[in-house]
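Should a chain be cited, it is by its letter among A, B, C and D, assigned in written order, with residues numbered from 1 in that chain.
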Amino acid sequence: MKTETLLDHKAEIIKITQETGVNLNIKTFRYRFLDEEIRKNFTFRPGQFMMVTIDGIGEAPFGFASSPTQKDYIELSVKNVGLVTNAIHNLKVGDIIGVRGPYGNGFPVEETIGKNIVFIGGGIGLAPLRSLINYVLDEEKRKQFGNVQLLNAFRSPDDLIFKYDYDKWENSPDTIVKYTIDEPCEKWDYCVGFPHTLLKDELNCELQNTKYFTCGPPIMIKFVTEELKNLNIDPADIITTLEMRMSCGVGKCGKCNIGHYYVCKDGPVFTLEQLGEMPDEY
Amino acid sequence: MEAYYKEITDKIQKIAYKLLDEGKVDKIIGFGKGEFTDEVTPVFIVNKENVDKLLFSEKATPFLAKYLLNYKDEKVAITAKPCETRAINSYLSENLLQRENLIIIGINGCRGIEGNTACKECDVRNPVISDYTVGEELSDEEVSSMITNVYEDLENMNPEERNEYFQNEFERCTRCYACREACPVCYCEECFTDSNQPFWLDSSTQLKDTFTFHLMRSIHMAGRCINCGACEMACPENIDVRALSAKMYRAGEEIFDYKPGMDPEQKTLLAEYDVNDQEKGFLD
Amino acid sequence: MLKVMNEKELKQFIDKLNNDYKVAAPVKKQQGKQEILEYDYIEEFEEIHLEEQPDKSPKEFFLPQNEVLDPEAIAKSNPEENKTIIFGVRSCDIEALRVFDDVFLDDTYVDPYYEKRRDNTIIIGYSCPHREPTCFCDQLGISPHENKLADLYLYKFDDKYWIKSINEDSEKLIKDLADGDEDLFDEKLKNKKDNFGESDFKFNMETPIPEEKAFNAPIWDDIAEKCLGCGVCTYYCPTCFCFNFFFDEDDKENQKYRSWDSCMFSLFTKHASGHNPRETQGQRWRQRLMHKFSYHPQNYGGLSCVGCGRCVKKCPVTLDIREALKSTEEYLKDEGGAVVED
Amino acid sequence: MNNNENFEPKIVAYLCNWCSYAAADLAGSSRTQYPPNIRVIRVPCSGRIDPLLLIRAFNFGADGVLVSGCHPGDCHYLDGNYYARRRFVMLKELMTFAGIEEQRVNFTWCSASEGSRFGVVVKKVVDRVKEVGPWQGFDNKGFIGVDSSEEEGELTGGSIL
């Protein structure tokens, strides 16, 4: 019997990082709960999400961008697209936000233990994946997983986010990191092209016993999952996370349903196999 | 009156059958009876055998003209009350519809719809645009003799009493937007109520916000409202939502001698100007 | 426990209840130029009007259109000692509480606001005197004459009022009334049921409606062709509970409010990026009907429509959910869908 | 109780950049005295003003609104103020019909050279709004207000403390 008052816990912004160039302004916010008690036993799994409230303005769902192994703060990355995200972008260090959650099922971490992993992130879609990436590449956890491959797609060179993590990722054991942008650009000497066109030659997709995690704009997810199916990867191993309009986060307010599934409660993480059984309404 | 409406219904059905039979149109939008209720409800006839479903009576409360906006490039016929023909004129003047795709079966001499107070002050009871007409026309004298000033008492109130009247009315508003969805001239892609950048008004149903909503919706009715009463008939809480828009209708007529929807080339009131317009209410 | 009383005794019974509890019942109200029947607190017995189905269900008593999400305020306004009694509730409106209980009191989620109001309200049902043209509760397995979710149930035969207690703790309310003769009551009730008549709309689909087949059926645009998308049906539906949060910019403490929302509005599912999974009114109508006849039953067991017909009565264009159900049934029958052969 | 002397109304003034804003500038530089109650918002033309801005102002704390543009005929954009004129006439009709005191909604034309006239206009607007007292919000049942037809001008209507 879990009483859910739908009210948030207060948290303080302790760090703000301006991620990218002016046009696609994404910022990463680091916050800590004010209440000692909550800070200690607030746990979450990679792939879950939280509802962030800006008093007097509104509320919106955001995936956790930091890994649960990071004990003393939580991060979220926000792209400025609307009323709430705009209000968040005007926050300064020390401002108070409301956070409630964690909601959603999160990535199937247990089933991924002992397996190889391929991450394909697109733009701001890299944020929820980063929670799992930093979890997998954490010193204690790394041994539990096999080979890790990362393909991060961005629109242009100055749209790269989480640059400060790239060294750690690249130097992690048994890990290959690749970056791609849509069109060629002079000062860019990594891959070029949409992610689904690079799967075959840039990544090793023949590895057995591999889980594929992808997140990004809906159009990218569509093409990447199709391409992976063409490389006859089992749909149960292709995992993505969906974005829907949400208010409550606990499957009651009726906004985020696809058929009889509620994305906030039964998702937001679904395998391609599950998505195949669900009506096409997302 | 029963026989009069029976006669009109037969004529409509004959015309409809001919139009479908000759393939002039793909669909007829008209009034019909519900399968399980005897309320009059809009029906969309595609197959000529079903034309017997079409009817017209004083219970034809729904407003059909707005459905035409969903069939911009299909050949459609519509049975239209005189006020609906004015709405069609508004659409044509803002080139939302092509005239050649449209066949209008106008209802002549409309005697008014049951329970619709707008029909009591209706000043256009014959279709202003039509391909076919059914029923007997009403002469201008007859039309003007049927007009009663519904909002006379409201006009005679002082501002304070009127304010209280509107507050009592709008207190019941639940922001279901039936008035906006039923209104023939309310078809913006994104309504000001749905925009949060810029933020115009709160989405709550407190009196402050419902009053603001009706005020803001009514200013959009300046020079567009055809005083048809569709908003009033749609309101589930029986709120007098037409009062403010009808004021815009009367003000447009008294100050600028302007009647919306009278012919397809007519521009809307606020889309043009006259060098020596009255400056009523300006500071000197 | 079965008691019987005449009109005068009923009046005393209600007046007595009104002292220790707050009693609400269907009362006639002037609304603009018309008169409507809705539930409200009463001063004395004469205001009560039981003849027709109230225009509004008692949904506002459990899920108000606007409420501040503040557990203390809710507790204060619904005190334990001074409970509310809703008198004269029809079986369809009582059955709607089963839907709300499914959603707001299920084992993974308890809504404290709804729970407080629900625990502090006693329901006295009333057996429907006659069927309204828009009623079809009997087609959905609901009896217009009894409902186990009520605490007490009132019947009127000729000029006598019979009241039956459904659970023990409501017996104390009627224990000092005159006992009723069980057999006479059963005979009169059976008589009333026999010639009560049935809705001419027949619903014999197996529920939950098969999601895959009905979802992809090409019928929804035709069903919703005349729909204006105004949301009146969801506001007046006793079982619609979808909600939204908002903040009032005048409220200095920036409290969080909850208000009704409607799947009939495009903003209900529109993303900040502008993408909208449900663009057309046909998709929204599919969501409305499938949620009540397929999704809710799959998630919680029972239907979330109670056949009260208010959505038909209040719809500006009288879009009839029974016609929508009939088209779905016919489509599924042609496709070999799940239709119960009677 | 609520005496009107020390009530200082907040008035939102939309001034068209080419004429009225320049008039306000001129009034300032030529030291014409006018009450400080107006919050000036510069707009390219009086034709830019969406009536929703004026209605919304009352929900954001304004007691009155003033829109001032170029005299008809010398609008920098030729006919911006002509369009605006019809819009404001209709808006004023609507708001007075809805029961908002007409003294709260003011429109005028003020050319760039009429610095002193701008001062007079602002003084007149402030007095008119002072006449009707603070804005009680759209949701007050009965309000302190003076109906312009009242001769003696004392307060009428239910008093709101």
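Keep this in mind: a contact is a pair of C-beta atoms (placed from the backbone, for glycine too) under 8 Å apart; a residue touches a chain by one contact, two chains touch by 3 or more.
Only a predicted model underlies this, so the values are computations on that prediction, with no experimental measurement involved.
> Tell me which of B-D and A-B has more C-beta pairs in contact.
By the number of C-beta pairs in contact, the winner is B-D.
> Taking the mean of the CA coordinates per chain, how far is subunit B from subunit D in Å?
Result: the chain centres lie 34 Å from each other.
> Can you check how far apart subunit A and subunit D are, centre to centre, with Cα atoms defining each centre and the answer in Å?
Roughly 51 Å, centre to centre.
> Taking each chain's centre as the mean position of its Cα atoms, how many Å separate subunit A from subunit B?
Each chain's C-alpha centroid was found; their separation is 50 Å.
> Hunt down the residues of subunit D that sit against at least two other chains at once, touch-wise.
Not one residue of subunit D touches more than one other chain, so the list is empty.
> Would you please write down the residue numbers of subunit A that are in contact with two or more other chains?
Within subunit A, residues 82 contact more than one other chain.
> Which residues of subunit C are in contact with two or more other chains?
In subunit C, the residues touching two or more other chains are 244, 246, 249.
> Could you list each pair of chains that touch, in label order?
A-B, A-C, B-C, B-D
> Where on subunit D does subunit B make contact in their complex?
Listed in rising order, the residues of subunit D that touch subunit B are 51-52, 55-56, 59, 72-73, 79, 82-83, 85-102, 105-109, 121, 124-125, 137-143, 145, 147, 149, 156-157.
> Give every residue of subunit B touching subunit A within the complex, in rising order.
Of all residues in subunit B, those touching subunit A are 196-197, 199.
> Hey, which residues of subunit C end up touching subunit B in the complex?
31-34, 36, 65-66, 133-134, 200-201, 222, 225-226, 228-232, 235-236, 244, 246, 248-250, 257, 259-260, 262, 265-267, 312, 314, 316-320, 322-323, 326
> For subunit B, which residues count as touching subunit D in their complex?
154, 158-167, 192, 200-201, 206-208, 211-212, 215-216, 218-219, 222-223, 244, 247-248, 251-252, 255-256, 269-270, 273-275, 277-283
> Along subunit B, where are the residues that touch subunit C in the complex?
Going by the criterion above, the answer is residues 34-44, 61-62, 66-67, 70, 117, 169, 172, 174, 176-178, 180-182, 194, 202-206, 208, 233-234, 236-240.
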